[in-house]
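In the two assemblies presented below, chain A is common to both, partnered first by chain B and then by chain C.
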Partner chain A sequence: MTIAPPRTTRRSSTTSRTSSRTGSADAARANRGGAGLKQDGGGRGGSGAVARVFGNPVPQPPQHGKPGGLLRHLNLGTALLLGSVMALGFGYLANRLTKSGATDATFAPLAPEYIYLAGLFGWTLGFSIGIGAFDGPVRWLLGRELTHADAEYLAGKNLGWQRYFKYTTDHKVVGIQYLVAAMVTLGFGGLLAMLIRTELGVTWAEVFTPSIYNSIIGTHGIAMIIAMIVIVMGPVGNFIVPMMIGARDMAFPRLNALSLWLFVIALVCLISSLFVGGVQDGWSVYQPLAAQSPPGMLGYQMTIIIFAISTGVASVNLIVTILLMRAKGMTWVRTPIFVYGVFGAAIMGLYAFPFYQYSQLLAMSDRILDTSFFVPLQGGSVWLYENLFWLLGHPEVYVILLPSTAIMLELMPVFYRKPLFSFNFAIAGIVGVVALSGLVWAHHMYMTGWAPSANYPFMLSTELISIPVGFLVLVAIGTMWRGTVWTRLPVMAIYALVFNKIIGGITGIYLSDVPVDQYMHGSMFVVAHFHYMLMGAGLFGAMGGIAYFFPKMTGRMLDERAGSIGLWTAFAGFQLTFGSMFVAGLQGQPRRVLQFDDLFNISNWLSTIGAFVIGLGMLIFMGAIISSWIAGKKAPANPWGSKSLEWQTPTPVPLENFEVLPVVTSRPYDYGVPDPYDAKMLADEKAREKQTAKVAV
Partner chain B sequence: MARATTESKMPLSPTTGEPMSTIARRSIGALWAFIVMDVSGTLALIISYSYLWALNVNDAWAPPGAKLDAAQTDETLPKASDVTFAPEWPFWAIFAGVVVATIFMWFAYKRLVAGHKGEAIAAATFSLLLSGALLVAQVVQIISFEFKTSQGAYASAVYALTASNVVHLTLVCFLLIGIVNRTHMGLINPVVAYQARMMSIWMTWISIAFLLGAVCTTLMLESPNTDPAVFGTFNVS
Partner chain C sequence: MILFIVLWVALSPLGWLVTDAMNMTGAPASKVMEEIQQTIQVFTIVSMPLCAFVLAVLLYSLFGWKHVQGDRPKFESPAIRTNRVGVGLWVGATSVLALFLVGWGLVELAQITANAYGTIPSDEQPDDEKPLIVNVTGQQWVWTFEYPEHDRVTSAQLYLPVDRPVYFNVTSKDVIHNFWAVELGVKIDANPGAITQTGVTPNKIGTFNVRCAELCGLHHAYMQTKIRVVDNDDFNSWVREMGGQKTS
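Now for the complex of A and B:
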């Protein structure tokens, strides 16, 4: 991506040139207590103080106390403390207020439900207060504007390691926080996966009771879904996207911090559910079964309600940032493909997550308030639940897939040193996926009897969506074709992703067919299919992305040897686990059961061995990340020789990202394409034209 | 040149140094995104209401007293239940109040932009007070419903829609307090008026949400499915 020399020493826009000339006039007006408001006699209440913001003098509002105000005293410790205290306090109150012996319609005692739910509310409220999430709204209400010094404090300037444990607004800090939180969630879900495979591998005995096994299954499912949604959008989306588009930060830095800490709150709600009966109904928690499950279900519902807010807020932030903060000259044609992927995922998250959130709100209401949205005996409908759920449930998988696929397309030009095979087809693929994702949801409901006549239109739309997904794979393969590959760890992840995505995609087409789904629905074949897509493509793509951006995010090079061993070990284990699972599914093994016929034993033994190999591989990869982060080789600013903007910043990246905002004049993938600003090239070109003209004459 | 002149009068954001017009564009963009989210959520409730109304599962859509039953109409027999559909006029009255509050907020914004700060504050304050009154009215309506949450799908859906109204009105009241206070302090002024504009847009969406709720709860009462499938009935013979 060619960056033309900016026209000013500080800012690159005419607006800023004009502003900087009149900045002092504004400051003088502010000092006189008005800024164009003489007829009202009012002013902005300026303090008279002026700060230099990126070289421009900017009038400041009054500074209330030290920069940062109340947030100087709030951090993760205060949040945990207040969250715990309020959880206990609310729980205690609920206990006192609940009538002794109260039961619900199924004669289950109500006290545990109320106490647990009250505890969750207390935890959410207390943690939010303790971390400082309400500081922004209260400040706004009271008219206490942030000064530049406040903003710098909030961004973590001069706070060192402590900024990672506070309500820090710098997108780079939020990105690292997301990376850690996502890795913790993945580890938690992965541990549960090992327990599942242990149960299914030990075919001669029961390791867990059915209810414990069911809760492990359900919790594993939702934990991994959440982890996969966050693993690319969170760390890479937050850390890299603003730099990739030439911005200094996200559009709304405080909303960025809010989305991260809401995710942390939701994660704790999910983990807590394991201790009160767990989530025993799969990750989709269908009604009416879920209404009869232990109080752990409330933990799941609270997790989703909060996580939906977190994702919604993050989506708003990403959408506005990408739409309105791209650098001068970064037209849509010059915007990196990863930005498109994140943008598409954010749009889907924006419109679809509220359906999921409301499905859980209504389910919670059925449990606690005795409503009957999903209780057939009282006029409710379980199909309503399934429709509301899958209206998000399917776009959600593309929220997972698009960013990881887009990362793959982002890496490929760098490591094949050639432009993306067809940027336009890649865009068409992303747009097609976003457009069609909202029209396929009922392919999860073929066997529910909801609307048999609707099965075939949904079959058609589901098969159609394979086309834009296929575009993305074809663009990847086309980019590889005749490229000079530089085989590094991120490229290996690309190979893994493409291989897995092809298998997952093709098996998805089988499942999209109603007659095939009649047999395959609810079998291990389905489980293998979505693991190939979400883990095989999603997780391996995320690993490639993390490996690629690791130098920029941490200032260290990732240990490629250990990382490669981890990646390929996990890949080999993955094929064994889920390849065998396809066989088990074809043989007829149902999903979510711990007892099955001996016919399926061999497949399950192989899957379990494979799962432990995955675990080993992931541990090696995680170990590589941690050891490299602590003591890896220091990374240069642009170890991959990439042309995109994020690699033009120094490492470590300064707080403001760019000292001078860049101006973009070419596409980001023109590797091997002559630089139009190269002086020698221009001179050669002129000479050639003269020669051609002479010959013509 | 004219644009540069206008932007040269535009105050700069104290945190980023950018013109406030840039901040305004981003904020209004974010507002539209939030409205999309809220539309989805509201649609989820509207879909729930409509779907359950259309299905009338187990003939349990309507509250017990609303079902036409010969025994109900025979005056010599005790009524099986008086619990019937909620009166319609409060839904429309509250909707009308929200519309009036929205109109006053727009008026406040327009007067502010024209430079009449006093009128703007007065109009916004009226909008705030009216919104507060509507919030109280909405809570009173919920408390006075004759049906309980467990008395049919209609009851559940109405409680959900009106609860959503309470949440919306609470947020509106909070934001209006901020708008009034900040206008009074001069932080929202004729040059930097985007937050008042945002509030007006938001309240317009809220009015639409209230309208959708009122349409459902008044025009979609009796289920069109008068011969519903009955699930889960067990005969002990």
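Now for the complex of A and C:
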């Protein structure tokens, strides 16, 4: 990819000096339609103040107080403070208002439920206010437009480290915040996984009581799902995508910050549920079992309701950014494949998460308001819940998989110095997955007896989805074909990803087949399969992606020696853990059990050993990330020699990303030399008589 | 190429290993289970070449084609943007495989459904061939089996006569369970407020397992019991012992 006027700014250094001081929120606006904005301001023009945005004079609304206003005083500290105070206050009120001794239909005491729920609401509200999420709307109601200086403050200009603890709108700050939050969630979920494997490895005793064990399983499931959804879309999607398409920020910078802080709020709700009984019903929390659970279930429901909003906001933001803010000349065929992947995932997130949110809203209302959407005794339907849940459940798998696959395809051309093989089929694969993703959900319900005849069409649609997924594999191996590979850490993740994806994909075909599923459903085989997909393909892809973008995001090189050791250790442990889990499933071990027949002992011991190896590998990888982040070698602007836009920015990336907005004049992935074995080349060769073919390979 | 064939050959026994793992507790004990295992075999055989091919490319890419290390090596690879033959072959092969597997699966599903429910109208069958009806009830955390044709005898273990079709009416008293007769290849959810039906004809005498395959609360892991498939006379005497008539 080339940028047409690379250094035109040199000539007018004063202009560029001014421009480099501008806020990215404003910058984005100026970037999209400076003219429209100017007219707007011109109509008002009372204050007379004019700011220069990238050399253009932009009339400013009157400035109220110091730039940033109230947000100068709000940060994570005030948010935590107000969140906790309001949680306690609401909880106290709920306690006062609940009649002592009140019970629900199953004679469980109601007070803890109400107190906990009120606390959750208080926390959510308090934290949002404390971080400044409502500052924008309130200002708007008061008729105080943002000035340029305000926007600069919001984007975290000249705030140093403080901007990472504020409601900062700069997409790069949000990306880093997402990275940390997602890694914390992953670490939390991984810790729970270790506890699960400990319990299952110790076959001679119960380490945990059944209720603790079940809540570990449920929390591990949902924490990991959430972490995997954000691990690529959050850090890389926010940090890199705007730069990749040549924009100065996301389309809606404040919504971007909102999506991050909602994610943090949801995370705290989830962790808090562990202290009031936990999520004891797996991550799918099937009704009516969930109705029996302790109040921890409310924490889960609140988590999902908030997280769905966060995902929706983030998806809309990404979609609009990608649709409207691509650089000049970046037509669809010149758009990098990762942008397609994120775009597809955002579309799926946008339609899938509302189902999840509804299912949890209805479940919460069943719990608190005694409605009976899912209560069979009162005419509710458990199958309704399952349908709503899996309408999210399957697209969400692709929300996890698409970005990590696309990130691999994105970085492959760089490390093989070759164009992406068959770009069109890569897009076709992504489009195919997105199109079919909404039509396959009931393959999770083959054995529910919900609609035996519907098993036929769902089997058809599910197995058809292996064709577009196959396209993506084709693109990967086609790009490898006859290429020289530059063996650095990010490219290693590709091998791990494709290997795992092949195994996960093939076992997925088994499971999508109803007769086979009749044996495998609900067994450890399923657990092994989806770990191969979500962790083997999703997480290893994400690790590669983070390793690839690490120099750009942190300004330092990743310690590749430690990183590779971590990656391959985790990979080896992964094969052991989930390979033997396949065997346990085939032998007939159901999932989510705490004890089992002696028959399954050997595979479970192996699995547990493998799990600890994974844990070790991940610790090494995390250690490499943290130590390199703190004290790694300073990274050059473009360490991989990539030609795409995000690497053309300086490192560390300035607030406005690009001094001059780039213009794209060629297709992405313009690497490589003409193929000596190409048909046309061979014909030319022959024509040049029998010169012995000594073509460089 | 050689690598591909070697990997293919190396991976091929996987299909049998898979069935071996499944047969450790005495499966297959019914026609349905045999069909399931046959399907798994076919799937394994069909997908192995694809798997072997991709693995071969991965390995060859690392060790066959060149690789370089270091900071910023200067090299460029051949710019293969696309290759009609290659793409055509891949798309053709994967589509044919996928469609074949779909077709196989659809036929097989129809077949196991037919096997489960029997194809001969029951009123034309001799008594011993008539399907036995068992009402299966799950509740936290036990299974109850009721024989409505035999004075509603109930049992905590599932007794079945060999070679006689049996229908299960499955339901639950509280939460969702999943009735999994492992070696018989039967699995269906037990839903509160609804009855789901399935069936099987056990064809092997022995002791098999019922497990719950849907998380159903604290003692989900312990919600299992035994299936005893016995011959017809033993079954009848067991029914009489339990206080029921031979047949209704």
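Assume the second predicted complex is superposed on the first by the 632 of 697 C-alpha atoms of A that agree within 3 Å, B and C clash if a C-alpha of one lies under 4 Å from a C-alpha of the other, contacts with A are read in each partner's own complex, and residues count from 1 in each chain.
Definition applied: a residue touches a chain if its C-beta (ideal position, glycine included) is under 8 Å from a C-beta of that chain, and two chains touch if they have at least 3 such contacts.
Computed from a prediction, not measured in an experiment: that's the story for all the values here.
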- Message: Quick one: is A:Pro62 in contact with chain B, with chain C, with both, or with neither? Answer first, second, both or neither.
- Response: neither
- Message: Per the contact definition in the header, classify A:Leu377: touching chain B only (first), chain C only (second), both, or neither.
- Response: both
- Message: By the touch definition at the top of the document, which applies to A:Gly77: first (chain B), second (chain C), both, or neither?
- Response: neither
- Identify the partner contact of A:Leu350: answer first if only chain B is touched, second if only chain C is, both if each is, neither if none is. first
- Query: Of the partners chain B and chain C, which touch A:Ile319 in the superposed model: first, second, both, neither?
  - Reply: first
- Message: Between chain B and chain C, whom does A:Pro654 touch in the aligned arrangement: first, second, both, or neither?
- Response: neither
- Message: Is A:Leu369 touching anything from chain B or chain C once the two structures are fitted on A? First, second, both or neither.
- Response: first
- Message: Let me test your reading of the model: by the given contact rule, A:Trp140 touches which partner, first (chain B), second (chain C), both or neither?
- Response: first
- Shared chain A footprint, chain B vs chain C, residue numbers 376-377, 381, 383
- Note on the structure: Counting only contacts in the complex, chain A reaches chain B at residues 14-15, 18-19, 21-23, 26, 30, 35-37, 39-40, 42-45, 51, 53-54, 56, 58-61, 105, 137, 140-143, 145-148, 150-151, 248, 251-252, 312, 315-317, 319-320, 323-325, 350-355, 357-359, 362, 365-366, 369-373, 376-381, 383-384, 387-388
- What residues of chain C sit close enough to touch chain A in their complex? 18, 21-22, 24-25, 32-33, 35-36, 39-40, 43, 47, 50-51, 54-55, 57-58, 61-62, 65-69, 72-73, 75-83, 86-87, 90-91, 94-95, 98, 101-102, 104-106, 108-109, 112-113, 170, 174-176, 178, 180, 182-183, 185-189, 191-194, 196-198, 209, 211-222
- Task: Going by the contact rule at the top, pick out the chain A residues touching chain C in the complex.
- Result: 210-211, 214, 280-282, 286, 288-289, 292, 376-377, 381-383, 416-419, 421-425, 447-449, 452, 455-456, 459-460, 463-464, 466-467, 470-471, 473-474, 477-478, 480-488, 495, 498-499, 502-503, 506, 509-510, 512-516, 518-519, 521-523, 583, 586-588, 590-597, 599, 639, 641, 671-678, 697
- chain A touches which residues of chain B in the complex? 4, 7-17, 19, 25-26, 29-30, 33-34, 36-38, 40-41, 44-45, 47-48, 51-52, 55-61, 115-118, 148-157, 159-160, 174, 177-178, 181-182, 185-187, 189-192, 231-232
